[in-house]
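Below are two complexes that have chain A in common, paired first with chain B and then with chain C.
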Partner chain A sequence: MTNSTNNLPNMRGRPLVSTAQWRGTLGVVSILVAWQFSVWVIALPAYFYPAPKDVFSAFIELMQKGILLEYLSDSAVRYSVSVATGVGFGLTFGLLIGLSRFWSRLLGPIINFFYAIVEVAWIPLLVIWIGYGFNTIVIAIAYVVFFPVLYNTLTGVQTVKLVLINAMQTLGATRWQVLVTVIIPSALPNIITGFRVGAGFAFRGLIFAEMIAAGSGIGFLIFDGSTTRQTDRVVVGMIMMGVMWLLIDRLLLRPVEQATIVRWGLVRNQGGNT
Partner chain B sequence: MNHAIQMPQKPRINPALVTGLLPFIVVLAAWALAPLFSDIPAYKLPSPAKVWSTFQDMLLSGSLISEVWASLQRLATGYILGNLIAIPLGLAIALNRAVAETLTPVLSFFQSIAGIAWVPLAIIWFGVGGGSVLFVIVNTIFFSSIYSTVIGVQSIPPVLYRAAQSHGASRWDVIKTVVIPGALVQILVGLRTSMAYGWRALVAAEMIAGTNGIGYMTLEAVQWYQTEIVVLGMILIGVLWLILDRLLFVPIERVTVRRWGLVS
Partner chain C sequence: MTLPIHPAWRTPFLTVIGLVVVLILAAVVGRITSARTLAGIDLADRPDVVVSLSFTPERFHLEKFQDVGRYQGWSDGQAVILSSDPEELRRLARNYWIDAIEPHEVHNDKLDK
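Our next item is the complex of A and B:
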């Protein structure tokens, strides 16, 4: 349903900005206005309840000093390395367990057990073992991504239509060919779902891990701002976190979904956030 | 069906008990024997026996029970409060298209910063302690649940509304017979997802802002290098989550979703 109003039409005759986008912008703007007004009404010290103006100047300051970009890139590197590691392991073990009854029996129970120990619980122990920093964070976050990817790969592999495998084998396909041309493609929608769930959990995990075990990054910015009572920096960090997730969602998750699931018409895209 | 926010499926594994137990034995044995074959200091890897005796000590002294109880109570309060606000509000928002479109970007933005990121701000507002932790849990659960409720309503095919309305259904009838049942699967998915997020947020918030609870106990022990308490805390976090998930959601899903054939 496109209820196009009097927006500027582009060449295809569709409005450049849809009604939903106008309304969405309105929502964001009203939140900002309400925030500014509530600051005037509540009239508390800025460290307790900073105004949008304070936050904006903190943002400018952090940008000028180059801190913000450095933190953002630190977080982004940690995030990508750990998500890639987690997906790699999750996929490998998912295929292994899904394809072999022996491995499934051997590893299934212990993986279920470790799945219950959330990454948050591992961070204290990793801090004792490895210390603060990159390795602890990457291990913890890869750990979060591992499980959803593994479980969804498993579901995907288990729901492959047997007739397809049989057909391939009848035609003389090797095990490898069956894996590459039948099993992986038909498990792909599930794998992508696992990737998305994992990416969502990993992002929160990253922020938390940076609060406890890092000296840089967006999580550290949020946490450090609070211990030094620079609340405006805390809010800058939180907003950056939201922006970062939106970027991850738009630049990484949606394109992947578009290229695989939606394009093949396997799943209707509803754009849910994890 | 929204695959994007479904929880990961549990694998169906045949109860081949012996093979399944083998890795546990290997892990336990490696854990117990590692100090004999390497020079890992005891503070880094407490023996299983030490963790077990710590468990017994803390159980007998009652400190363990009180930490676990503090955490569970907080989780329950936050979960009920968060969902009680989120689900009705989510339904109300989603029933009006204009309101839904206005609020969706704001909601998804807040959803992406929900949870642990609020801990530092909560500490400034409420001080270190239970108040901050509760705020963070309610916040996490609220944004997780409201989003899935809104999506649930939005994914109802419009033809169902028209069918109900053309048979003369009132607005209330439509809500009762179309909106709520139609959004139910998504709401249930949201209930389960929000519990998973809430549990993580609980443990994490207690670590940073808590003065008691299982997360607090686990991270506090790091400062004193009481690794046996850290390991005990981890195991408990895992066991408690398994119990919560199995006791609460597996039965709920069986009774509602599967029975109505809403989910394959």
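Our next item is the complex of A and C:
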């Protein structure tokens, strides 16, 4: 094959489509071909093992009926609000416990206790207290995000070099200045790690919570598809999950890493074009 | 012209801008469509309406109908909703999957002819 098609230059002389993108597309096409081939070979009923064309038809039908767009938007809103809430609380409590011995002694054991209680255990109780829907899901997912952010912030704050704090205090810095100029920047790699871990946990939690406590969303689409034997819809839901996660990773998590810890040389950028 | 932001944030920034533009456009188109769809309906007192769809409604759609008013059932590609709430009806009419919304009386007249 000539190299002219996959390296078409744009105005700046760079290829319009990179080799990595070609490889990615080839990977997706290979999976689709293998999937379709397996459908022909195995020859199971469509409700048991749907073919790519069944899934595509289900996708089109869900779009035409307005179901998919609304479910995607519901999931996206729930995810965004939950992650923001969880990160806000995790960061605040992480700094509070990390900076104050009093709060550490007071809250440490309680937070350790609640860390062991997974969000799934809370959902039945939240459904009774608040009911099905938005608030229950947001609280459950924010709870999932809270702990990784809190513990990573705590680790970050506790590993700040004391010599830097002492130097700042010697120069007459206030507690606020020490916090903003030394502690938070030093703890940032850990905070970002907590954010990344929490965002991943939140996504899994979102799908699970929607299966239990919602009447809409991608998790509900998968659950509803399984109860009505519409496996093509289940697969559409699974593909949407993957697409949503890729978007979250590309549009939120990687830029945050690039703009903070990679930019400041705190970690080496290992992000390929995956 | 380059954006005065860190290169890593360029794609997300442009995506958010694009998303906001799409949402605003969708909202405007929805309102225009809603006004056009409900043109022949007197929304002053809770009207009885007939909603036409090009497909059989699912639970998702039935829940929307129930939010609007008293859903009376589905036949011949149409759903009858009695005593509909004007604001909820406007919201329903913004959806692109709605074919038409007519007053229940007009619908009955058509059937009589």
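Of note:
Heads up, the rule we're going with is that the second predicted complex is superposed on the first by the 244 of 274 C-alpha atoms of A that agree within 3 Å, B and C clash if a C-alpha of one lies under 4 Å from a C-alpha of the other, contacts with A are read in each partner's own complex, and residues count from 1 in each chain.
To be clear about the criterion, a contact is a pair of C-beta atoms (placed from the backbone, for glycine too) under 8 Å apart; a residue touches a chain by one contact, two chains touch by 3 or more.
All figures in this text were calculated on a predicted structure; none of them were measured in a lab.
Contacts of A:215 after superposition: chain C is touched, whereas chain B is not reached. When chain B and chain C are set side by side, the one touching more residues of chain A is B. Contacts of A:259 after superposition: chain C is touched, whereas chain B is not reached. Residue contacts after overlaying the shared chain place A:97 against chain B, while chain C stays out of touching range.
Of the two partner chains, chain C is the only one that A:250 touches; chain B does not reach it.
When the shared chain is aligned, chain B comes close enough to touch A:117, but chain C does not.
Looking at the shared chain after the overlay, A:64 reaches chain C, while chain B stays out of its contact range. Across the complex, chain A is touched by residues 1-14, 16, 19-24, 27, 43-44, 98, 101-106, 108-113, 115-121, 123-125, 147-148, 151, 154-155, 158, 193, 197, 199-200, 203-204, 207-208, 215, 218-219, 221-222, 225, 227, 230-231, 233-235, 237-239, 241-242, 245 of chain B. For chain A in complex with chain C, the residues that touch the partner chain are 61, 64-67, 70, 215-216, 224, 250-252, 254-255, 258-259, 262-263. Across the complex, chain B is touched by residues 1, 19-20, 23-28, 30-31, 47-48, 97-98, 101-102, 104-110, 112-114, 116-118, 120-125, 127-129, 147-148, 150-152, 154-155, 158, 189, 193-194, 196-197, 201, 203-205, 207-208, 211-212, 219, 222-223, 225-227, 229, 231, 234-235, 237-239, 241-242, 245-246, 249, 257, 261, 267, 270-274 of chain A. Interface of chain C with chain A (complex): residues 6-9, 11-12, 15, 54-55, 58-61, 63, 95-97.
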